[in-house]
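Each in structure tokens, the structures are laid out below.
You will see chain A twice below: alongside chain B first, and alongside chain C after that.
Entry: the complex of A and B
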């Protein structure tokens, strides 16, 4: 299993490195969205709950771009058929795709979070950054699990570009609640507070449950 | 197992609804704070409970479909979710009316139950678009079942998350049956039973219609029409 996952993950990352289809687009989208937020809100700096909301919504929408593209090559160019012919556990594909999406999200955040600190955030990012790591990591896990499941569900439908986000956004509302609420006090302009453990716990639990559900049902999406 | 006929179910539903409505209007006392308007509670809350149960039942039926591979379970799951979605429209409408009457706004964000119901409703609204965007009938059933299971598990999770997110909970007029006075609790339970019966009857009608349509299609194919 782990060898299969390793091989699939290497293939995913290699394809992404050679084509650069997802990650640069996601990062560019996030930075452009910050600019759009600046003009839409007509504010040069944001803080607190507003800042956390903007950061999380931007990450969510940028992640949607990656989710939409995650299985397109496999569906259009026979990747699914090749994988199904191999005598390996099918869940390896779920894990490899989720890990690949996780890598994309980490790279996205390496660009988007500093850009956010530079362009929009009022309080200094340096102080808040260590505290932001935990909610960002848990958000990434949730996005990777749910995103992979939704991508696999939507990719072989007629309107896949439309259905992916439509399915994913309601499922990800609890992730946004958890991420944005847990970090709102970290980003406060005056007297920044700590993380809120209650939210991290909710987020972690949600990730776990949907990780398990994705693992349980993914098999049925490949069965043909 | 013999299921009751459509006629029996319809008659039972009409009787149960008549009984529950007469209890609502003539037996249940008028609530002190909200007056007559509180009676929408006997419509709104049973609708919501039945719709949510219908969503979860749709998920359970989908599990049965994936385990057995029998398409009939998928048809049942589809009908349960479809009907719950229709009930869901009723929940949002009656909820809005009630919110307007008691809090003065058509929509209130700090009522976690209403907000979580909206999120669940938005998720299930994508069930039909997803289902009918897949042409192959076998794959359509399988993908719809996967969706139904994921969404069915999402219903309780979402309610927990949204409830946690409400920093303060609105003073709840009638939160649960435990703090209802006797006649109100009785009326509520009868309304809930009538609503569940209505749901079952409508589902049976839709199932019968779908089965007939499938039968007709297969017959006309045998006879060589079209």
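Entry: the complex of A and C
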């Protein structure tokens, strides 16, 4: 299984490095959104719940760009058939795709979070950043599990660009709520607080449930 | 001595078993309401070649995809190496090499990267990749992305992909498409009659492929129009499928 996951992940990252179809678009979208918010809100800085909301919603929509592209090369270039012909555990593809999406999200956040700190965030990002790592990690896990599941479901349909977000967004709303609620006090301008453990726990459980669902049903999604 | 010979043949991926390698009984598959394949029954012994003729849309590719475990039959029975499809498909996959209309290669990856990827999936070492690149005369161009190769070159790489794991059964959908005569001679040891493997190949060229066939199947509109030993079927019979 690990050998197969390694082969798939390596191929996935190579294709992305060659085409640059997902990550640059995701990062550009996030930065552009922060610039738009900067002017649309008519205020130079945001903090607290407002800041958390802007950060997580922007990351969610930027992630959707990556989710939509996740299986496109496989569907269009026969990658599914090539994989299905091999005598391997089909869940290896789920794990590899989720890991690839996780890598994309980490790169996205390496660009988007500093940009957010620079363009919008009132309190110092340096102070909040260590605390943000846990909700970012848990949100990424949820986005990767649900995003991979939904992308696999949508990619073989004719309306995949529409169906992907339509299915994913309702399922990802709890992830955004968890991320925003757990970090809003951390981003407060005055008397910044700590992380909300209750929301982190909720996020973790939600990730676990959808991770297990994805593992249980992925094999059937690849079937004819 | 005989045991040793059987062992060597098995290691080379050459079929040594008795009985049918493929057994189909009243096989059918629909796309929506339209039957793509209906009532196909046949048996193909190990090491033999079945050539499937028929006009476009006759159901040739559907038949191949069912045998490759990529499609499910809607009615009837399909057995490959005595394993029922799709229930036992996982036992069959590693023993089948499939060459379809699409090369199943990632366009942005090089020929070598594509083959190494498939080699890892099949648990085959990188030395086999180099051996096959050499065999299809693509070593010099192996570092180029597939999108930069001609159709014929991509077809040669696809043939290398399909034979990477030395499959016992080759499912070949118009394998000579886009290949020039020199390339056809080049790939003969891999997928030709001399490879000694059980083969199912689709074709529109009775002049060339009847000579390779042990069994001939003619399809039209998904139904069997022609089925019999190659010795009993002539080019005229095959030509009748296209009228």
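The rule is short, and it goes like this: the second predicted complex is superposed on the first by the 224 of 224 C-alpha atoms of A that agree within 3 Å, B and C clash if a C-alpha of one lies under 4 Å from a C-alpha of the other, contacts with A are read in each partner's own complex, and residues count from 1 in each chain.
Assume contacts are C-beta pairs under 8 Å (C-beta built on N, C-alpha and C of every residue); 3 or more make two chains touch, one makes a residue touch a chain.
Source: prediction; values computed, not measured.
Look at chain A after the overlay: chain B and chain C fit there side by side. In the overlay built on the shared chain, the residue A:73 is in contact with chain C alone; chain B does not reach it. By the touch criterion defined above, A:14 reaches chain C but does not reach chain B. Touch criterion not met for A:182: it reaches neither chain B nor chain C. In the superposition on chain A, A:83 contacts chain C only, with no contact to chain B. Here chain B and chain C are compared by how many residues of chain A each touches, and B touches more. By the touch criterion defined above, A:22 reaches neither chain B nor chain C.
Once both structures are fitted onto chain A, a short way to say it is that chain B and chain C open up an angle of 90° at chain A, using Cα centres and rounding to the nearest 10. In the superposition on chain A, A:4 makes contact with chain C only, not with chain B. Here the smallest spacing between CA atoms of chain B and those of chain C, following superposition, is 6 Å.
Comparing which residues of chain A touch chain B with which touch chain C, the overlap comprises 223-224.
Interface residues of chain A facing chain B in the complex, by the touch rule stated above, are 149, 153-154, 156-160, 162-163, 166-167, 169-171, 173-174, 177-178, 181, 198-199, 202, 206, 209-210, 213-214, 216-217, 220-221, 223-224.
Looking at the complex, you find that chain C touches chain A at residues 68-72, 90, 93-94, 96, 98, 100, 102-109, 113, 117-118, 120-123, 145, 161. The touching residues of chain B, counted against chain A in their complex, run 66, 119-120, 122-123, 126, 129-130, 133-135, 138-139, 142-143, 145-147, 149-151, 153-154, 157-158, 160-162, 164-165.
Remark: chain A residues 3-4, 6-7, 10-11, 14-15, 18-19, 73, 77-79, 81-88, 223-224 touch chain C in the complex.
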